[in-house]
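Next, two complexes with subunit A in common: one pairs it with subunit B, the other with subunit C.
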Partner chain A sequence: MAKLKRSDWYDFTRDTNWTPKYVSEEELFPQQMCGMTDAMDDWNSYDEPYKQTYTDYVKVQREKDAGAYSVRAVLERSKMWDNAPAPWRSVLIQHYGAIPLAEYAACTAEAHMTRFSKAPGMRNMATFGCLDEMRHGQMQAYFGHEHVSKTRQADWGWKAYHTNEWASIASRHFFDDMMTTRSAVETAIGLTFAFETGFTNLQFLALAAEAGDAGDHTFASLISSVQTDEARHAQIGGPLIRHMVEAGETERAQKMLDIGLWRAWKLFGTLTGASMDYMAPVELRKHSFKEFMEEWIVGQFERQIIDVGLQKPWYWEHWMKDIGEWQHSVQIGLWFWRPTVWWDHAAGMGPAERDWLEEKYPGWNDKWGKVWDVIIRNVAAGEIEEKVMPKTLPMVCNMCQIPIASGNPGGEWSVKDYQLEQDGRLYHFCSEQCRWVFEQEPARYQGHLDLNDRFLAGEIQPPTLEGALQYMGLAPGEIGDDAERYEWIKKFTRQEKVA
Partner chain B sequence: MGVDVSTYDELVNNNRVGPVLTGGPVARAVVEAVEIDNPDKEILIDDKGAYIRIECDGEMIIRQETISDVLGRDFEIQELEIYLGSFSGRIESHDDYVRFYFEKNV
Partner chain C sequence: MSNEQTPEVLKPLRTWSHLAARRRRPSEYDIVTRGFLYNTDHLSGENVPFEQDPDAPMQQWYRKYREGSALKHDDWDAFTDPDELVYRTYNLVQDGQENYVEGLFKQFSDRDHDAGLSEEWMTRLARLYTPARYLFHTLQMGSIYLGSIAPSASVANIFYFQAADMLRWVSRVAYRTAELRLQPTSGDIGERERQVWEKDPMWKGFRELMEKVLVTYDFSEGLVALQLVAKPAVEECLLRALGKVARHNGDALLGLLNDALFVDSERHRRQTRELLDFVSQREGNQAWIDETRAKWLPLADKAIEAWVGGLYDGEDEDIDSIVEVVKKHVEAAYG
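Showing the complex of A and B:
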């Protein structure tokens, strides 16, 4: 018997809409959970562009798993971890803390879209998306767990999101905002379009390219395997936006996109940006973070935004400047406050590293280089404890929860704090954009206490750096240190002696 | 550094579409298949090691039959997903081919 083509039966099996008899439509799909207005009501016309059936899904996912797990099995004895440069090990520890549990949160978000999307096509794709995210959580938690025997910091793969460590707070604040606290419509735009069609490419493909160049093929195949799922389920948002544009809801879609993009940029400019420009081995580093941003976000993703009927975000010009700057400013903060993170942050300094930075970012020496000049002088003089260790907590932004470090140091000093008074309280932001996000819905954000608020409220005891580390859940052996235990300073002192 | 953001407008204003595949024999076969299935197009290949970006202007078709021929085995178009890390443009999946395209030409 001839087999039917998939297209002959796909729509029939997918179209699971029915008219509710026992409850009202509003009870079945509450507006707050769905975010779908009457204007957008022709949901059967939503047509997902990337079609998948359950049979194919299982078959394909099995192959993907077999691929990633067999690479891991083959390379298990390669001693990659032992032979990797210390800064690269820190990239892994950072990734495994920041990502696996966020994948479980994404699973919740996909489940939300599965339940509360009125379009059968969205529900279908989100069902697979939910299974995808479960796979990502399990796989990355498992691969990362391998390193627990090498360092206690690897335990943060499970621990990070359950602590009040500042980078965890920042990640949670972003993911909760995009994934678990909005309607199905807003989630589809903020998560599947802004974040997954755009930014995950950097953390899962561009970083895989860096991993491959650094010889870490287990990690490269793991994260690129994750991204093959994203490429599919991220296609929930695009057709939804077109649906909204046709229903006259362009403004709402654009606003959500602008919020999602900016928030994703702040978090991943920090995590991925510093990893790529400072932690990957310089001699093997082919592309800068900025170049990857140009490839993935500017050349690929922004073009897709235009195609679905939206515009570049209103802060486009500022953002394009920021992709050559933010990672350098925040790198200084990440390194200086190294005891407050769960990985050993690398300075990424040395004459060759500085040459690379100057080449990729002309003018680097005159700005961030000037700050590093002072740090290098102090480290070389052995005054680490006195002069290059934090005594206080970083001042963080009331939106992104990341240290306020926008603007440039050095020659063109432009570091600035953006303020807003709201209901009798002064809020501080790292940028006009973070302040703008807050202003869109103050009630959503204003109750959140940032790390300094908690400190001032007396929640952190004793009120010292030690007390703060304890509050953040950082135990001895987990508290971040310089990734190379300051060995990199010899690259400078040796050079001076030769000169 | 004086960043000329107008250069970024040029970078956005492209019509390049196509898959970004994780490496291996299938990716190499797709490179060959794309040349066959899109004879009038100039195909751009950007090999970053962990991924290969395959692009051309406006529209790209990749047929199951062509990949099977190049690989010398039966290949189902759904298998492409195993290697499809990302793509530029929009996607349309069909029974035996996949299409990447843009609706608007800039």
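Showing the complex of A and C:
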């Protein structure tokens, strides 16, 4: 007799719900951890679109790893590092610091969904999801580790999440909010649907494209391999949302989507946005970040949102504007406050780069270009220490923990601090959306101190930039500098001489 | 000359800074496991795991069930899985194990093994075996929870792998359920498992035990209840005792399948034993473990008695002495 087809027996693996007798349903699935209401029942009908068996999982994953971990791949990566342009190395150092431990933390999120979801199909998918996240944490850490003997900054591949460096605080604040501290329902929407379906597609595909542009094909294939797992376990949220919509819980699902998407945007617009529009060699750049966003978010994710029965988030219009602006504002912040990050941030400036930016983002020269004009003038005059080094900390948002920099500089300067007074404390936000997220559940956020709050509370001593760097765990050898040691300025001075 | 010291410029290292001081060259396991759980650092406040309001509900959950748990250790990250499993090697090992089982299934299916099973044994399988997917699934849920509440990545990972293994067990029962159904003598197989699991007296004990284990949210107590009591009891009954009875009823395949799954159990026991040795280094922990285990054992004993009774239902055997043997195996699971 032949081997059975998966469809002949798969349903038995997810027909595992029972009625508890010796403990109550609420004890077995506490509301805090589960989040499923009585209106949502018939959990056996939860149908995960991507079906995989355990046997296939270990086989396919073993095969995937065999390629990624091959000796040849290791050699290629090592050669790549030595030949890579400095800005691309900075992208790698930033990526390896920001990603692996967050991926590992996602194991907790998947574990919570496995234990506390009432849908058996979801519990099984999340079990694989938990292993996937371990893979992503371990694989990316392992590859990042290969660079530790090249630069001390590579140590942040492990260290970043163990520090109070501001981007680490921002990452923890986001990931803890979306992954580790919510119910199975909220995690499935905020993490798998909003973040993974919406953003890891973007993060990994965009980054893979950028790596390809930079000639780093091994990094491109590494993160494409990660993405194949994401594409599977990201599908946990979709059927759940449909279930919620049918049960009349649309509003709750919509709110969680709106929160998750906005929060993911702020972090990934910062890390990926700036890197895509400024780091890859300009002559090789194929897509702008905005083009990528329009294709993946506007083109594809929007359809998926409607498809599961939800609406575009209320801030959609504002967001569409933001995808052409935020990365440029935050790029200035990241570069100017470069000593406060663990990677050497590249300015990404040069006449050709500016032409590219103007072409992709008409009006760039009149806005962000004007700030760069001043920076370029000061760098060209050799007044780096005096005029283009930060003396204080950036003001950060009480929600996203990222420097407040929304809006446009230049002629229509519109940077605004969105405030909120709650229980006698004044909070500062970068945007209406971050303030709105806070207002949805103040108790979740209000007692948290951001970097500025800690500074004012005297936790950072001495209260100087040096003291702050120490607080952030950044020592000489790790403190970020200009990725090209200001060599890029010659592209401008040479041009002036020719003129 | 200035009195101010120029701070030292940190040099690149050969490995992560937190591993660099060790004399031993770090293994792949060290590099991708140690110190990977950042929320035990409490970076935003004393006893505050997550980067949010210090008293938000999940902070309290972790403060109570992980940070406040009875078993203490100064450095949970120092725990080492004796198999040093990482994701990559887990899949290598388990793909090999699955290939073996696939081979077994093929050989037995080629020889039309199931057609040779008696109708009486089929009826017993519907009661003894196919409902096991519910029980194994409770182990899956319990194992993954322990991973999520574990105090370090090296501890968490052994439970994440174990949870995946339990899904493996569920899947193998599911496969066999579908395969047995193809026989004209299969009776209720694939139809009444939930009813048996919820109503049959022989399953009552395990259901009570596992429901109570599942709501034990405290890491330390959950560890003792699941790893030291419930899981060995399930394994001794559902894998070993059942395998033996199966062999005596012409079902060599179930015996061999259960032996193959028991290879997972042996790894879990190795890892748990190592964890027990690790926590026992600290004074007071061993006594607490013994006490807690003793508290949970009666529930497991009850479960074993009911289940083994059902296993030998209709057979002329001295059930009491078999129950005693099973209990001894459970007690000896950690040597």
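By definition in this document, the second predicted complex is superposed on the first by the 492 of 499 C-alpha atoms of A that agree within 3 Å, B and C clash if a C-alpha of one lies under 4 Å from a C-alpha of the other, contacts with A are read in each partner's own complex, and residues count from 1 in each chain.
In the analysis below, a contact is a pair of C-beta atoms (placed from the backbone, for glycine too) under 8 Å apart; a residue touches a chain by one contact, two chains touch by 3 or more.
Since this is a predicted model, take the numbers as computed values, not measurements.
J.: Should the pairing of subunit B and subunit C on subunit A count as a clash or a fit in the superposition?
T.: Pair status: fit.
J.: So if I put the vertex at the Cα centre of subunit A, how wide is the angle out to the Cα centres of subunit B and subunit C? Nearest 10 degrees is fine.
T.: 80
J.: Return first, second, both or neither, reflecting whether A:Asp417 touches subunit B, subunit C, both chains, or no partner chain.
T.: The answer is neither, since A:Asp417 touches no partner chain.
J.: Touch check for A:Glu283: first (subunit B), second (subunit C), both, or neither?
T.: neither
J.: Using the touch criterion from the header, give the chain among subunit B and subunit C with more contacted residues in subunit A.
T.: The partner making contact with more of subunit A's residues is C.
J.: In the overlaid three-chain picture, which partner chain does A:Gly157 touch, first (subunit B) or second (subunit C), both, or neither?
T.: A:Gly157 sits against subunit C, while subunit B stays out of touch.
J.: Between subunit B (first) and subunit C (second), which, if any, makes contact with A:Met134: first, second, both or neither?
T.: After superposing on A, A:Met134 lies in contact with subunit C but is clear of subunit B.
J.: Considering only touches as defined above, state whether A:Glu359 meets subunit B (first), subunit C (second), both or neither.
T.: Neither: A:Glu359 stays clear of subunit B and subunit C.
J.: Just subunit B (first), just subunit C (second), both, or neither: which does A:Lys321 touch?
T.: The answer is first: A:Lys321 touches subunit B but not subunit C.
J.: Kindly classify A:Val298 by the partners it touches after superposition: subunit B alone (first), subunit C alone (second), both, or neither?
T.: First partner only.
J.: Which partner chains sit in contact with A:Glu76 here, subunit B, subunit C, both or neither? Use first/second/both/neither.
T.: In the superposed model, A:Glu76 contacts neither subunit B nor subunit C.
J.: If we overlay the two complexes on their shared chain A, which of subunit B and subunit C does A:Asp42 touch? Say first, second, both or neither.
T.: Neither: A:Asp42 stays clear of subunit B and subunit C.
J.: Look at the superposition and give the distance in whole angstrom between the closest pair of CA atoms, one from subunit B and one from subunit C.
T.: Checking C-alpha atoms only, subunit B sits 15 Å from subunit C at its nearest point.
J.: Shared contact residues on subunit A for subunit B and subunit C?
T.: 59
J.: Name, in rising order, each residue of subunit B that touches subunit A in their complex.
T.: Within the complex, subunit B touches subunit A at residues 1, 3, 5, 8, 11-16, 20, 22, 48-51, 53, 78-79, 81-95, 102-104, 106.
J.: Please give the residue numbers of subunit A that touch subunit C in the complex, ascending.
T.: Contacts found on subunit A: 1-4, 8-13, 15-23, 27-28, 32-33, 53-55, 58-59, 61-62, 65, 69, 100-101, 104-105, 107-108, 111-112, 114-115, 120, 123-124, 127-128, 130-131, 134-135, 137-139, 141-142, 145, 148-152, 154-155, 157-159, 161-164, 169, 172-173, 176-177, 180-182, 443-449, 475-478.
J.: Show which residues of subunit A lie in contact with subunit B when the two form their complex.
T.: Interface residues on subunit A, with respect to subunit B: 5-7, 49-52, 56, 59-60, 63-64, 67, 201, 204-205, 208-209, 211-213, 220-221, 224-225, 227-228, 230-232, 235, 238, 286-287, 294-296, 298-300, 302-304, 306-307, 312, 316-317, 320-321, 324, 361-363.
J.: Report the residues of subunit C in contact with subunit A in the complex, numbered from low to high.
T.: 7-18, 28, 31-33, 35-39, 41, 43-45, 50-59, 61, 86-88, 90-92, 94-95, 98, 102, 105-106, 109-110, 112, 133-134, 137, 140-142, 144-145, 147-148, 153, 156-157, 160-161, 163-164, 167-168, 170-171, 173-175, 177-179, 182, 190, 193-194, 197-198, 207-208, 211-212, 214-215
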